[in-house]
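Order as written gives the chain letters A, B, C and D; numbering starts at 1 within each chain.
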Amino acid sequence: MRRLVDFILLLVGIVAAWQILHWIAGDIALTSPLDTVEHLGKLLGTERFWLNVAETARAFVAAALISLIGGVALGVVLGLSRTSAIVSEPILIALYSLPKVTLYPLVLLCFGLGISAKIAFGAMHGLIPVTIFTMKAILQIKPVYWRTAETMRLTPGQMAWHVALPAVIPEVLAGARLGFSLTLLGVLIGEMFASQRGLGFMITSAMGLGDIATIMAVALFLSVFAVSANALLLLLDRTAAR
Amino acid sequence: MINIRTRLLRYAAPLLIACAAFQTPAHTEEIAVTQWGQSLYGAPFAVGMEKGLFKKAGIDITGIIGSAGGGTTVRNILANTTPYGEVALPAALAAVRQGLDLVIVNVGTRTVAESTLVTMPNSDVKTIADVVDKKVAITSPKSSSEMIFLMELKAKGIDAGKVTRVAAGGYPPALTMLEQGAVSAAALIEPLSIIRKDRYRTVAAAKDILPPMTTSVGITTRDFARSNGDKLRAIIAGRRAAVEAIYANPDETAAILHKMWNFDPAISKEAVHNMIAPKMWSLGDFNRAELDRTAEGLKLIGELKEDVDWNKVVDQSFLPKDLQGKL
Amino acid sequence: MTAASDGAASGVEIAPRDVHAQLRGVTRVFPLASGAGLHALGPIDLDLYHGEFFAVVGPSGCGKSTLLDVLAGLSPPTDGTATFEDKPIDGVPDGVGVVFQEDASFPWLTVRDNVAFGLRRAGVDEAEIKKRVDYAIGFMGLRDFERAYPAQLSGGMRQRVCIARTLVLQPRLILLDEPFGALDQQTRLLMGDELLRLWRETGATVLLITHALDEAAMLSDRVGVMSARPGRFIDIVETHWPRDRDSRIVSDPGFGAVTARLWEKLRVESLKLMGTRP
Amino acid sequence: MKRGGLTREGWIRLAVVVAFVLAFELLCRLGVLPRTVVLPPSEMATSLWHLLETGEFTADIVSTLQDVAIASALSIALGFALGIAIHALPRLRATLEPLLASYYAIPTFMFYPVFIVVFGVSDRAIIAIAVLLSIVAMIASTLTGLDRIPRVLRKTAAIYRMGLARRALLIDLPAAAPHLFTGIKLAFAYAFIGVIASEFILSGQGIGYQIAYAYNNFENRKMYGLMLLVIIVATVANAVLDTIDRRLQSRLRR
């Protein structure tokens, strides 16, 4: 109950700050919260908006799946040997901190301008954090777990399923949450730079027209989506941690 | 223990390979048009598709891939299964210069009439000559906004060295600079200038200063031109019919743009009507003088060093016979 | 016999001695989220005599550390009074030093700077600091590691650093909260010897909290046995060891008797604890 | 702690990277990867060298690096202060935490038009975006750092009868230092990403803009030269910060 009250208070605070900023900056720079919600409502009623959402969602789901499955697989492979983990960690971290947008032209050259470029770019953002978290988790499994599993004569499959997986799930979920956020960011940046559909494209084309109401409405839509999706993952995280 | 790890590794490896192999095909059956849905360049394609003029000409265009940048569109065309598209002429020339295997097969648009130079209503900048020793906002270095501005200065005999050009990053930021007094004038383009026409005063309109020049062209790969000449002819013929339909009925065009691009009806109407007089949309035929004017503009911004040998980059054979001519 | 709270203490005769720190009717109740309170400790009556070595044993969770926190002035008693050198304890009193179970060495300071930390805080002049730090470092056998950082030391060495850091302040009452809990048995015995040496040389009053019966029996003059929660003293055992003693005392014929008595009392309490667990 | 020379893993890592670059080079030279798509690394390097020599992009490089420096400094300072404030208010923190966790999914670039109006058309709008992107990493690291201060150190501070300010300076700050440095490292990385990405998508200057421009004009040599520059700067900066980070961790973390 108190948490709910707190959350509502925070929302009120954000909306108030937004409103004040709107009064300072004016309509051209920042539409008011009410106008934004209204405009979003209008957008939600158009087929065009949902086509864009569907386009972004398709790329995002594919990229997120690649990030998650690929990241976990890669993390497991690299984490199984101490040497490969130590060798690869700085490389992965360097890749993580690279401004990947720099490489987007390369992605476009390889994948063309279609959805596959966006998927590839989204996955480039999300794959590495999932890999790093999984690898570290695998590496940190206590050796005594392996030995215990071995004395119980588990098959490798059983070992992976009953020992390794439960042991790494919290970290993998933490990595997945970050990967999820960055994948969405990657897809949207991809759409902002070179695309003809999707929410990112909607943003850039609204920017070109100085249509701040649409920008803010899309921003609101994305924020609500990202926050609720993350809250859901957080909940999953908490249940899994138990 | 090592044993287990090796075994686990064997389990994980196929998964990894499966991931690496996961790729979706990059090709579509659509053609590409620059600034699709954002500026009027692509209006003939909207009208042609809506009125079934392409089908009538013998080709079914299923959809249009648009994009913001000229270069992106060129690259996209080259990667497409139907490698035909309409792009900005400077982008096409840049691609040719970098050795990309493409050929220009028709003209798309032939005016920069949608460009203006605006200032605040109370500004003391009354004519384009007043910007001397002042700052003017363009979008970015070597952009078409800079090219048009420099051409305007040249046409008016003003020394470009006496005007400071400021790159704003886009048209809306340029307007912000103007409103904040950081610059005395800003380059602007339709439809943004129509949407915000009450806020600014037009100092100079390109349609009054600059003669027609080629702004966009249809391109394709030489490979595709050799093997799919019929398709090209059909596209160009369909587009020509659409351009004729636009001039015949601008109001209908505005309605189509409202429907297909979600343009505001009033703005759509004004934008289309503004482009009727300068004859923005070409039927497809080449005009040497108009081509050369763009080349001159590109030289002004340093994008082009020497003259273009148009005969090397243009192939007229896919135009309807009555539109083919000497370059 | 003044310390026994429920009359369970045996009739060991003690000459009247000078009371250094005193607890009277001390209880500690922690508020719970539900609104009720968790009765962790007491009521406790305890007299700590000047210069004695007093150990506290008890089943886990019986409030031993809470008792120490009250004496250290880290948490005030819910009820009752606590005094040190006849003054009520209100905040950390001057002259009290504490060594915790967890490693409390500052990882960002060298061993030497760790040991000097308290003196610098107290504004002691550098010459005096050097003298005292040199002594403490030598005393705790840290001479070779002066310039090292705690991360480069073993757990036992780090605990030495913490003891040295407390020692340099020349506390009159030293409170030790299971300081050797994380160390192996041999190291514990040797550290115990050093603790005894320190106690003899400084003449300080020492209160040691431990869960190891042999450690309590070997080191102390008196051992207080605490009940399961809420902790109170159910027995106070006098060891009668000579002041000049070391870990070899474990072979003394009387040693077995002391540990046996401690275990007898503690066993009942520990069983209670296990029985109450789900 | 190792001094001088590489560990075994270090050598393997070097070998992996070198092998990758060589394989890349070979694939390009053999024409498996077409030149229209990607250039061999050696040509990227010569192109970069040429670009640096002619000074064609010096102004852009300076402007980008300057923006990154200002943005990181701002987000480190502000993030640290905000982190302390949020840490002091557990209720606010509990409510804010899920928002912070999903923060990176929101493309901050959307707010560029807002910043343009608030800050004017200048580097400041780009810096604002970069700060917005990187400040959260610093806040999160500050919170973690403050959380991870062992309770026993706080107790020790109480034993020495330290006041709040003294404790913050002499105990809390050094104890949280490893996490704070991780925050600094991340804040820098995100500031770099933020500046480059803003330039790439939105602005008319800087390395990011020049890469996008070169891409649009098919100037692959320039594009790959500049890409290489970004990769080198990011990797070197990251490696340096990472080394300091590891040193701090091994010394201070227990």
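The criterion applied here is as follows: a contact is a pair of C-beta atoms (placed from the backbone, for glycine too) under 8 Å apart; a residue touches a chain by one contact, two chains touch by 3 or more.
Since the model is a prediction, treat every value here as computed from it, not as a measurement.
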{"item": "Per Cα centroids, the chain farthest from chain D", "value": "C"}
{"item": "Leader among chain pairs (count of C-beta contacts)", "value": "A-D"}
{"item": "Chain C and chain D, separation of their C-alpha mean positions in angstrom", "value": "48"}
{"item": "Intercentroid distance (Cα basis), chain C paired with chain A, Å", "value": "52"}
{"item": "Centre-of-Cα separation between chain D and chain B, whole angstrom", "value": "36"}
{"item": "Whole-Å gap between the CA centroids of chain A and chain B", "value": "34"}
{"item": "Chain A residues counted as touching two or more neighbouring chains", "value": "28-29, 108-109, 204, 207, 210"}
{"item": "Per-residue overlap in chain D, given as positions that touch at least 2 other chains", "value": "36, 113, 116-117, 202, 212, 215"}
{"item": "Sequence positions of chain C contacting 2 or more other chains", "value": "none"}
{"item": "Every chain pair in contact, whichever chains are involved", "value": "A-B, A-D, B-D, C-D"}
{"item": "Partner chain D, residues of chain B touching it in the complex", "value": "69-72, 74, 91, 94-95, 97-100, 137, 139-143, 166-170, 172-174, 176-177, 180, 182, 303"}
{"item": "For the chain C and chain D complex, residues of the former touching the latter", "value": "72, 74, 91-92, 96-98, 100-104, 106-109, 117-118, 121, 149-151"}
{"item": "Residues on chain A engaged by chain D in the complex (per definition of touch)", "value": "3, 6-7, 9-10, 25-26, 28-30, 83, 86-88, 90-91, 93-94, 96-106, 108-110, 177-178, 180-182, 184-185, 188-189, 192-193, 200, 203-204, 207, 210, 212, 215, 218-219, 222-223, 225-227, 229-231, 234"}
{"item": "Chain B-facing residues of chain A, complex", "value": "28-29, 46, 48, 62, 66, 69-70, 73-74, 76-77, 80-81, 108-109, 111-117, 119, 143, 146-147, 149-150, 156-157, 159-160, 164, 194-196, 204-205, 207-210"}
{"item": "Sites on chain D touched by chain B in the complex", "value": "36, 113, 116-117, 120-121, 202-205, 209, 212-213, 215-220"}
